[in-house]
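Okay, so subunit A shows up in both of these, paired with subunit B first and subunit C after.
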Partner chain A sequence: MSALSLLPARRPVPGVFVALTLTLVIGWLVVLVDGGQLFNQSTTVSLLHVAAGLGLVAVGQTLVILGGSLDLSVAYVISLSTLVAAETMNGSDGALMPAIGLALAVSAAVGLLNGLLVTKFRVNAFIATLGVGLLLKGYLDSGYDGPAGTTSPTLVQTLGYQRIGPVPLSFLLLVAVTGAAWFALSRTRFGHHLVAVGGDPEVARLSGVRNDRVLVTAHVLCSLCAGLAGIYLASRLGSGAPRVGTEGLYDLESIAAVVIGGTALAGGRGGVIGTVGGVLLLASIDAIFNQLEVDAFFKQVIRGVIIIAAVAVYARRAMRKAA
Partner chain B sequence: MQTVQPRSLPLRLPRVRPGGVLPILAILAVLLVLVAIRQPDFLAPSSLMSFLGRSAPIILLAAGQYFVIVSGEFDLSVGSLVTAQVVVAARLIDGDPARTWPVVLLLLAFGAVVGLVNGLITTRLRVPSFITTLGMFLILVGAVYLWSDGAPKGQLSEEFRRFGRRAVEDVPLLGRVPYALMVLVVLAVAAVLLMRSDFGRTLVAVGDNPRTAELSGVRVWRTRTIAFILSGLAAAVAAILLGGYSGVSFQAGAGLEFGAITAVVLGGVALGGGRGAVVGAMLGALTLELLFALMNFYGVSGALRSTVQGAIILLAVAVSATRSSSR
Partner chain C sequence: MSDPRPAPLLTLRGIGKSFLGVRVLDGVDLDVAPGEVHAVVGENGAGKSTLMKIVSGGYAPDGGTVELAGEPRVFRGPRDAQRAGIGIIHQEFNLLPGRTVAENVYLGHEPVRRGFVDRREMLDRTARLLASIGETALPADARVGRLGVAQQQVVEIAKALALDARLLIMDEPTAALADHEVELLYGLVRRLQERGIGLLYVSHRLTEVFDLSSRITVLKDGRRVTTVDTATTTADELVRHMVGRELSSYYPERAAPEDLGPVRLTVRDAGNRKLRDVDLQLRAGEVLGIGGLQGSGRSALARALFGVSPFTTGDVTLDGRPVRLRSPRTAMRAGIAYVTEDRKGEGIVPRQSVLDNALLASRAVFAARSGRAARTVRVRELLAAVEVRGAGDDQEIRFLSGGNQQKVVLARWLALNPRILLFDEPTRGIDVGAKSAIHDLVRRLARDGAAVLMISSDLPELLGMSDRIVVMRDGRIAGELPASASEEDVVALAVGTVREAAA
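== the complex of A and B ==
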């Protein structure tokens, strides 16, 4: 059984990277014909920045989706985290560490609530995280009209804008988080249990996995990732932003990136490497369209088509394999 | 013999259990009592009728969403579809009363086509409906902005707006009967009859266990696609009523998909399909609207609305989930 559940976990990974390579090559050619240059310093940097923000959320989202759950509250967690971080820092470097700690703690608490609702109260994950999202939305809407707090200058200079060559520090953070998540999924008991729970909760339970504990952990990790994304966004924006999560459509886009990356929405199959591929694909399309100065609304239409098409391709392959 | 046996068994499809409607009726009753205490005027026939008329769009959306959810899928595109419909209607009518009816027909066709596309992509290409309709959401929002260069153009004719904002006045006993309420009553009865027909039973069977349904000779893909078309049509009617009532804006349908899904779940319908009644879904929507009205009466600020909404949903669903699991 373990061989069965592990094998397909690796197979979908190359698919998204083939698509990514094709997109980049075609995009590069089209931009070249258009008289631009896709891979100059500033486009690459902004591409990686976009990928870092979405990527942090999507890696966390991968964990809950693998476990057969889902998190629609991430967008609000992100906004909340930017505010907690920026308001605690209040422009001084002294409060940097406590602020980061507090933002992550608040995020983890939201994840715990999500997890408990899904497991102990048996609320469908879609409704549970939507409800928790609404709770947070009410708090954000009633408490804040606009940006609040000031991010500490050190954080802005490091996580926000520092880079090594064309690679921003934030992207390295994404690489580190992805590496940790990959390790947790493929080399630890938690990871194997999570995939088992997502594949078939009943079988997992009968094999001695404590489903509830595994799922709650996944939800806490997912919210922590969203909180981390919030801290990163606060470092970019210089303040807390009460609507940055929802306006960036981080909830739906992160789920889209996970699914494009080959993780099954029903759980039990997939991995974080594919997710990062999905994130890079979405970010590259963004960068190419920006270079071509395509209308922002048209971009969104194309985005919708690509998300559906990518998943349709996976579904076709899965069907052929099954046949 | 083995081939004979399944044939001799009659096609047993599960019945739509009406039991799920009781909890939502209880919640509705409690809310009505609270309203009666705070604002007795609200229960006067004419204001109650107006309230029901105002609630018609979300109730219709909940009914449309019900068909999709009970068959085991999701439709996240309805909110954006409503927005697209309202904006398209305004631009095509452009104040010309003669264009009202052609545009109404066009909107219904548009809704049906969006539903058809959602359904075919979900069933034939096997894309999870969450992703299909999410993609459709992005496409519709992007397309409608693109088509109107970022700001709604044109305006609705008075004839078009009539459905959403006018009423038959001076009705004995009831005071006034909004057109929207009449549309709602007709369509609600149609929805209930539909769920009692063979199609309704088949729809629930498909949501309960698609494999079993398939093996009993049901064309699962066709049933689900029809459910998506019904949802698209419901969105079209909701858009016509909503555009009439509150006018044209890009925010016309924002968030309605989650509102409709919430209403359906509140009405005792199981996400994942196979359980719940369409009446429950519509009552769920009515309850949600009544809750918002109540919050207005108690002076809860608009911003806190979503917090209360979230808390109520979590509470209602958690209570029903723990009750059903202990049974």
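== the complex of A and C ==
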């Protein structure tokens, strides 16, 4: 037993922030050489907007992944939430709060269904949430051909477009949600139990943790986050959009952000701060490529490479730790 | 009893338990006083683990009562037993490697203040708890995955104490520990005793049992043979209590001296993470039995020879030529076959057909196209030769009985014409009829010139089948015995009552 291994567990800065810094520096230089400016007002604002939308979903996704589960229905929950919100508001400010409440309640209900399927009915999370997602897709596809409803003007002006300096209100919302999630994970029993369930369900159970309850809660919170992202998107678009979630690839991108952020896909290890790093990294790459006007397909290739590289790096690290 | 011992903490009366009609425990009595270390010994399969699971709430007994401080208790699950003050330290730890010591110790009952987890309080309490058992060097905020095995064990104990355990069960606590760590555990056990905690100490290793316990209960075939005061007994006496049954089954005739061929396999000074100083010779035509306790390195030896976790030091020669067995593939090509201990996990592909299972090794080793049809014909012949009974070769193997599955595994290896066969518990979980069929097959293979190495925990089988027996202990070869050895000889070597020099 060496003295080194007795050092208290540090909370290391996830490697993702190193990668993020590198990406921003290199991106800034490349854009500069290309004759552009990466960090002007409009690019920064749009980067943070992209990050806010994806971030809200990814923070929720982090919770379920930490618990050893997964949520593939988030993209459809987002679309559903935009529609519920926009249609209830119907262009007026009067129904603002009820509309937000209703959108969140519908999202939470979907999360509850996901959670119950995964725990009580022991359906594999991948299949259960995919199934629920397809169910929602069926409803959306049959009920809507295009945008529907109108978002309340106040919401559009605040959450949608208001900002403090270059920082949009929506990004501050992400910061707040991330803070709350971080706090829940490190300072509540729920958080401790969630990480334990993801780390080893049997150990958790034998320690008196009610695994099912913890996982259902995580699924509800995840869907609430997706619902919140939907409300934000409704405020950006001015209406409900039945395909905004899937077209934005929020399901896979949120999982990618979680993994890039250092959370183990098998659960039990990681956190929301890393996820936000992952989100910012993906959003930065977007911003840089937009500036360079790179071909959209090539952009996807680069993203794919980054995700694979991130996972490979984490796997290597885990191996070295085990050795 | 009228001795001056304090009132017992735990009293077991007439505990019985059956699984699928097989009596695993029968009328077992046992009691533990506060501050006492009561050791439970017995062979593999004597019923120790089942008994411990009953005490810790894992199983409900079919008969008898569990009394805690004089009160009869019925535990509906491990949590019930925990709440009643019974902690169990398993061989495999129930810890989360990614979390800190404190987070593990208080998992499930984290201290909270105003609804939030009070991290400071949790760390303080953990530190105090660790200090109270003399473990001041272990930081409460260290990540468990970075601790050594001995320290993880301390964390497990602290976790039990955090739940106010009055009785601790330790199941083979030294199995995973290095020699110098065992000393640390001794100290810890004594400090727990001073706190008035009763300990049920399950171990194969008689040295420890004599060093630590005040009384010893011997179990055999699910019954309590005797409970003795440690001070008044000897290791030899214990071993006699642990074994001693009649040799009833029939085993095929052993090899005659003229049947033995040249030396096939020589292992010199070999070792790896789990093995040290292994010297071994295996001759054509012989069945070499490997005895020893679980975790003594028997399976590690087979796995090293088959290249699963290869030797890192020493030399291996095969038919006089040096070989390096780096992977199962190289071992297979060198003519070595391995029938694993864990048939379900490593031996069969449950949802594939009997034929596919039997063809698995040949398909993997031979080029894809060459002689495919011929191979299939040969494997079908082999399946018939080993007398697999089932609906047919195209049935999924999982529907076969254990014995028939084992025969399919055997056919798989025979298809490669192996010169050396490694069997790890070849008849575990197999009914009597199939068992003797497999014994006959093993002997027939040896007679046809193969060299056989057979690991077995079943002492009658080990003694009945082997031409020679090598007993392992703590990753080394503890000694070699002739075919005429007795069960006592094997157990004595395996638990270490005999010095290696004397063996």
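Please note the rule applied: the second predicted complex is superposed on the first by the 310 of 323 C-alpha atoms of A that agree within 3 Å, B and C clash if a C-alpha of one lies under 4 Å from a C-alpha of the other, contacts with A are read in each partner's own complex, and residues count from 1 in each chain.
The rule is short, and it goes like this: a contact is a pair of C-beta atoms (placed from the backbone, for glycine too) under 8 Å apart; a residue touches a chain by one contact, two chains touch by 3 or more.
On a predicted model such as this, the values are computed, not experimentally measured, just so you know.
J.: Once the shared chain is lined up, is A:269 touching subunit B (first), subunit C (second), both, or neither of them?
T.: second
J.: After superposition on the shared chain, which partner residues are touched by A:193: those of subunit B (first), subunit C (second), both, or neither?
T.: After superposition on chain A, A:193 lies in contact with subunit C alone.
J.: Of the partners subunit B and subunit C, which touch A:127 in the superposed model: first, second, both, neither?
T.: first
J.: Identify the partner contact of A:222: answer first if only subunit B is touched, second if only subunit C is, both if each is, neither if none is.
T.: neither
J.: Quick one: is A:297 in contact with subunit B, with subunit C, with both, or with neither? Answer first, second, both or neither.
T.: Only subunit B is touched by A:297; subunit C is not.
J.: Identify which of subunit B and subunit C touches the larger number of residues of subunit A.
T.: B
J.: A:117 contacts which: subunit B (first), subunit C (second), both, neither?
T.: Touch partner of A:117: subunit B, not subunit C.
J.: For A:208, using the defined touch cut-off, is the partner it touches subunit B, subunit C, both, or neither? Pick first, second, both or neither.
T.: So A:208 only meets subunit C here.
J.: For A:19 in the superposed arrangement: first (subunit B), second (subunit C), both or neither?
T.: It touches nothing on subunit B or subunit C.
J.: Would you mind writing out the residues of subunit C in touch with subunit A in their complex?
T.: Checking each residue of subunit C against subunit A gives 78-79, 82, 94-100, 103, 107-110, 112, 115-117, 119, 137-139, 141-143, 145-148, 150-151, 159.
J.: Show which residues of subunit A lie in contact with subunit B when the two form their complex.
T.: Those in contact with subunit B are residues 117, 121-124, 126-128, 130-135, 137-139, 141-142, 252, 255-256, 259, 265-266, 295, 297-305, 307-308, 311-312, 315-316, 318-319.
J.: Which positions of subunit B touch subunit A when the two form their complex?
T.: It is residues 74, 121, 125-128, 130-132, 134-139, 141-143, 145-146, 150, 258, 261-262, 265, 271-272, 301-311, 313-314, 317-318, 321-322, 325 of subunit B that touch subunit A.
J.: What does subunit A use to touch subunit C in their complex?
T.: 1, 5-9, 186-189, 191-193, 195-196, 199-200, 202-204, 206-209, 268-269, 321
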